[in-house]
Amino acid sequence: MVETIVFYTLSALILGLGVAVITTPNTVHSVLFLVMNFLCVAVIYVVLEAEFLAVIQVLVYAGGIVVLYLFVVMLVNLKRDPEAHQDPRRLSLVGLALAGAVLLELAGIVVYSYSREPSAPVAAAAASPVQGNVEQIGWLLYTDYLIPFEVASVLLLVAMVGAIVLAKREL
Amino acid sequence: MSNTANFPLLSLIMFTPLVGAGVLLFVSKPNAIRWIANGFAMLGFLVSLPLWFWLDTTSPDWQFVERHEWIPSIGAEYFIGVDGFSVLLILLATLMGAIAVLSSWTAITERLKEYYIFLLVLQAGMIGAFVSLDFLLFFVFWEVMLVPMYFLIGIWGSANRLYSAIKFFLFTLVGSVIMLLGILAVYFYNHEVTGVYTFDITRFHELNMPIELQTWVFLAFFLGFAVKVPMFPFHTWLPDAHTDAPTAGSVILAAVLLKMGTYGFIRFSLPILPEATRNAVPWVVALCIIGIIYGALVAMAQTDWKRLVAYSSVSHMGLVMLGLFALTPVGITGSILQQINHGIATGGLFLLVGVVYERRHTREISEYGGLAKVMPAYAAVFLVLTMSSIGLPTLNGFIGEVLILQGIFVVNKVWAGFAATGIVLSAAYMLWLYQRTMWGTVDNPKNEHLPDLNLREWATFAPLLILAVWIGLYPKPFLDRLETSVDRVMARVSSVYPPRNVLHDDGQDAAELPALDGDVSDVIEIPVRGGAR
Amino acid sequence: MEITPAHYALLSAALFIIGVVGVLVRRNIIIIFMSIELILNAVNINLVANARHLENLVGQVFVVFVIAVAAAEAAVGLGILLAFFRNKETVNIDEMNVMRW
Amino acid sequence: MDLIWLIPLLPGIGAALNGLLGVRYFSKRVAAGVACVTMGGALLLSIGAFYQLLGAEHREHVVTVAQWIPPIPLATASGEIGAFEVPWAFRLDPLSGMMILIVTGIGFLIHLYSVAYMDHESRGAYARFFCYLNLFCFFMLMLVLGSTFLVMFVGWEGVGLCSYLLIGFWYHKQSASDAGKKAFIVNRVGDWGFMLGIFLIFFTFGTLDFRAVAEAAAEMPVEVGGFGVLSAICLLLFVGAVGKSAQIPLHIWLPDAMEGPTPVSALIHAATMVTAGVYMVGRNAVLFSHAPMVMQVVAWVGVLTALLAATIGLVQTDIKKVLAYSTVSQLGYMFLATGVGAFGAAAFHLMTHAFFKALLFLGSGSVIHAMNDEQDLRRMGNMRLYMPVTFITMFVGSLAIAGVPPFSGFFSKDEILYRTYLNNKLLWGLAVVTAGMTAFYMFRLIFMTFFGEYRGPSWGHQEGEDHAEAHAAADDGHDADAQGHAWHGPHESPGLMTGPLWMLAVGASVAGLVGIPAAFGFRNLIEPFLEPSFTAGAAHEATEHAESHLLEWGLMGFSVLIAIAGIALAYHFYVRRPERSEQLAKHWAGAHRWLTNKYYVDELYGATAIKGTIGSARGLWTVDRHVVDGAVNGAGWLTRACAWVSHVFDKYLVDGMFNLLAWVCTEGSYVFRRVQTGLIQNYAVATLFGVFAFVTMYLIARYVG
């Protein structure tokens, strides 16, 4: 029962904050709504017994990425309203309609499929010798997913270098 | 086979200019390019000098032979070697190459790098053609020479250069394509008789083909080589190419490239197709005599200095061909010597035209006059080369002329009589040219302050003058080197003349030469069922 | 009433569409980037929910990678944005058409 | 005698020094010194060699220096394989011995003379002149010493070159350069015959050595009444001789050759080179004596040349032209002598002629020098007052050429006339007429120059105009220093010029004494001495004729009379009654015009040979451009025409289809282009539409289908 209440509350918060993010005219506000949104998602993770991810969500997303956004917003010192100019040919309404249609379809699929054929738990991967959420994820990352992990690190390195190159005025 | 160590001298000579061209690719300063190109051209000459000294003039064998597989599937080989004849031509090519490169020092100012690379590649191609003993290899080099020459004329030439370059290229190409057909005919015939696929010309030299096939192949070869010589009706590319080529191009063209044609006749046409050659003598001689007189007369009508020299070339090469088709040792020896002489004299004359062209940028004879007053040394050099060209005794041209005319005289006196009119006509047009350019008063104010020859130009002429006098006074070293080459050809085309070098008849050398006894008609007993179809 | 994966899926879908709408409708490119973050979060929620439902931690591992990619994307994207802004003095996506030709 | 190869070589070295270094670096003094010393050395060597030859038992000596053309097999007429081989070999025998004395002796004197004569040339030209002069001597000595035909031919052509260069020495003058070219080309025509003759000799005998050829020819029958191979050889050789010795019809170059400096005219165009033809015929006496038909031709060509040249000489007004035609005429005499078989007489006359003609030319040079380069006889006169030495020596020379005893010309000319008389009376008649004319025109020259009134430009106080005029008349070849010093009237020449004149005058007087006819009771020295050169070894024919000495005396007296008559006539016309000559010229205006225009031979050649050659050259050039090259270009055009047709086909048919397709695409794209708005979000919408479509398809497939 508690879970239900928590879920609905959090869902409402997440969706509401999400709508706020994309509707607020002020960019700074938008960023702040985003932070809150992420925090709510972190709570969802806790509910879903993914404590490690929750921590990551707070640290990386809310703490790192969003702060990055804030910096950019400040660096981009806008002298005029960023949304002032509007191209007459843009198809925002069509997009909106399509988005709505897709949402309906997705909802239809979800409702329909989960009600018809509840899935059975999949056999867990090879039993890990460790217990606890963080240990298990660590185990997986450093054994089965070592190579993707390393690739991800390279990706981050590349992104870092790229960002520096792009952002620097002159090399 | 070779009498020297296994040192690949010929390859070295051939690849030195190529290495130079390769080095030039990485140089960009104009003066550095000049120095390096000159250095390699000079080096090319120096490494070819041992040929002169190391050649065994008494041995009828091919010397400095190198033989490696090339395209084994069709029997083509990297088979190179020389005899006295090719040694002289190689030396001529390397010397004239060095002179041509040196003469371009100030004449060429744009696209230096490409220019020198083309010159060096051209030289490698010429040497390659002279050393090839594999017919396919020869053909490859033969075609390789066309390309750099085409660009030399087309890029660095004068007014009408594109027309001339294309004409030169197409003319020669048509000839050589037909020649290729001839080569293939011999190749397949050889396979039919011996069962071996090979382009080895030493084997072809022992082939006795049926007369019909010989005639056709002779025609094919004739077209290829006669265009290059050039003989009378195929000569019109020459004046255009010479006139529009840059000086160095004209020099190389006159001194060496034209010799490709006569070289081809001596090395391929005559020994491979002896019977057809004998049958063709009257026709070829007729063309030669027409060429001699016609070239001289047309030269007389020219108003363009370079074109005049070019037509004199037609006349002289007619004489060379005449000596060749006398089919006597004296005639062929004279013909070969005259090729060298023509290279020296006409090459030198083109250089001379280049000298004034560089100063005045015109070749119209009427623009000049009285140059002996302003450029006395130039006039002196011009006089010597003119005299060499018209065959004054004590200079080189005379020896060649006398040998050729004597050689043809014993064959037919009337031919010789007509051919000898060339000496009168050549004197007429050359002296008229000399009078119009060197003598008289300096009428044209532009000519009043022309500088005389400078040290570099002297350096280009000095070797030519020395050679002209040397060959004129003491041609024996040259003639000695030709002995076995001439005998090799004579042994094939005539049963009258025995080889001179039967001194060391230890059996082995004698076996190298084809049997002499009996005329060729009874040698054609080899079963033949039509040549290559 | 039990909370099934379907609930989470619906939540995820809704958040996803919100992100999509943000991408499609807004002209401020910073907000468009943030919308993309929303989309990624929607995906993450779905993954985590299913990981619990299927009792398999692979889903969570994937989330780690998604976060890494998101970080990279944000860094590079914002770098491009800054460079662009320096040249054009704008963050309006309708004015970003230099690549059109 | 083994050093005879040094005789030509010394002047050769001199020429090389002057040519390579002198023109640039030598002072006038050094250049002249080098030339004269080398010539003097050659003279001393020649004298030494000649002396040894006189003392030798066998008067023939061959020195082979080196191999020139190594032996190369070649078929000969006999069917055997001979060897074409030419050594650098030199031969000293009586004939060449005499010739080298003439060449080096007169050559040396003329070198000395030139030192003074050419003094007003610039330094470079001065050295160049001596280089050419030495080079000429080199080739001339090579010609006379050569032991084979080909070595002789080397000299033969070489002297032609030097002649060309020296005639054209003042190359800035159009006339000089024309004359040089003409000389060379006309000589080349002769050389054409000579060369073919050489080839035929080799073909016939298998050797080119003089001695071997002569011995082989002696074995062959005399071609009486037939025209065999020997006749052919001789005729071809004679063509060469005609060219070199300026006989009809190739005589035209020699008068023009007077454009060269006067010492050159003396040395080359009087004393030595032009006699090379005679020398060559004499050298091949054995061959010629086996071809009587050709001998007839030689004799007739000789006598006609002598006569025609003498007639032209009668009316020439240029002092050097008179001497030039006189030379042609005298050469005709020599050929007449060879033609009648009197080779010794020909050689004898060659020698005496060398002396007196060189003398006359040098004398005329002295006069020209004194008159500041005036050559016209009509502008001279009374010069004996101003230049007595020149007058005396030239007078001696004229007496010699006119055939007045006891001067040299008398003996040699008389020998020829006598031998001609024995052979053919008609030839003799023509020759005697010529002798009379010779005396006339020579003394016409002497009288017009040295007697009468002075008709030349004045000098001294009224220098201004005339001086300028004289300079205008003279050529502008004399460089700055010539312009600088003023002309002070005719004057005697310096010692370096008169010295050689004296020596030659002595020679012209006494040279005849070596050939006094037997009729005088002395021994004729020269003919027996030369005899071995004209016969093949042992075959020594008896040349003594059974005619009485009375006949010889009679003929001698007659020719002396003729000569004196000629002199007297000249005296009458040009000293006593100068106006008579002009009246005569008017009276015979037609003939006079023919003679002054040299029978229009030059014009004839100009209209035929030269015009024909140039015309055919131009014609062939047109043919070459339009027909031969036209064929090539036509082939090129045809190829291009074919190429154009296939180009059209390709362009409009084959390519057309592809272009149509492309056109459709292009036009279609205008429609679709509107979709491309450049707005990223529109593309995102499209993507979303794709998602929508896929999801819809999924739904339909999953739940409906």
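In this document, chain identifiers A, B, C and D correspond to the written order of the chains, with residue numbering beginning at 1 in each.
By our rule, a contact is a pair of C-beta atoms (placed from the backbone, for glycine too) under 8 Å apart; a residue touches a chain by one contact, two chains touch by 3 or more.
As the structure is a computational prediction, the values presented were derived from the model and not from experiment.
K.L.:
Which chain wins if you rank chains by how close their C-alpha centre is to the centre of all protein C-alpha atoms?
P.N.:
Most central by this criterion: B.
K.L.:
Which chain has its C-alpha centroid at the greatest distance from the C-alpha centroid of subunit A?
P.N.:
Between subunit A and every other chain, the largest centroid distance is to D.
K.L.:
Based only on mean CA positions, could you tell me how far subunit B sits from subunit D in angstrom?
P.N.:
That gives a centre separation of 34 Å.
K.L.:
Using Cα averages as centroids, what's the distance between subunit C and subunit D in whole Å?
P.N.:
108
K.L.:
Starting from the mean Cα coordinates of subunit A and subunit D, work out the distance between those two points in Å.
P.N.:
Between these chains, centre-to-centre, one finds 113 Å.
K.L.:
Return the distance between the CA-based centres of subunit A and subunit B, expressed in whole Å.
P.N.:
Subunit A and subunit B have C-alpha centres separated by 84 Å.
K.L.:
Quick check on subunit D: which residues sit in contact with 2+ other chains?
P.N.:
Within subunit D, the residues that touch at least two other chains are 679, 681, 684-685, 688.
K.L.:
Going through subunit C residue by residue, note those that touch at least 2 other chains and give them in order.
P.N.:
Residues 20, 24, 94 of subunit C touch two or more partner chains.
K.L.:
Where in subunit A do residues touch at least two different other chains?
P.N.:
87, 90, 92, 95, 99, 102, 106
K.L.:
Mind giving me all the chain pairs that touch?
P.N.:
Applying the touch rule to all chain pairs gives A-C, A-D, B-D, C-D.
K.L.:
How about subunit D: which of its residues touch subunit A in the complex?
P.N.:
So the residues of subunit D in touch with subunit A come to 677, 679, 681-682, 684-685, 688-689, 691-692, 695-696, 698-699, 703.
K.L.:
Would you tell me which residues of subunit D are touching subunit B in their complex?
P.N.:
19, 23, 66-70, 72-76, 81, 84, 124, 150, 153-158, 161, 164-165, 168, 171-172, 174, 177-178, 180-181, 184-185, 188-189, 191-192, 195-196, 198-200, 202-203, 613-614, 616-618, 620-621, 624, 628-629, 632, 636
K.L.:
Show which residues of subunit A lie in contact with subunit D when the two form their complex.
P.N.:
Per the touch definition, subunit A meets subunit D at residues 87, 89-92, 94-95, 98-99, 101-102, 105-106, 108-109, 112.
K.L.:
Show which residues of subunit B lie in contact with subunit D when the two form their complex.
P.N.:
So the residues of subunit B touching subunit D come out as 167, 170-171, 233, 235-237, 294, 297-302, 328-330, 333, 370, 372-373, 376, 380, 383, 387, 392-394, 398-399, 402-403, 405-407, 409-410, 413, 416-417, 420-421, 423-425, 427-428, 431-432, 434-435, 438-441, 473-476, 479-480, 486, 496-498, 500.
K.L.:
Going by the contact rule set out above, which residues of subunit A touch subunit C in the complex?
P.N.:
On the subunit A side, the touching residues are 3-4, 7, 11, 14-15, 18-19, 21-22, 27, 30-31, 34, 37-38, 41, 44-45, 48-50, 52-53, 56-57, 60-61, 64-65, 68-69, 72-73, 75-76, 78-79, 82-87, 90, 92, 95-96, 99-100, 102-103, 106-107, 110-111, 114-115, 118-119, 121-122, 124-125, 133, 136-137, 140-141, 145, 148-149, 152, 155-156, 158-160, 162-167, 169.
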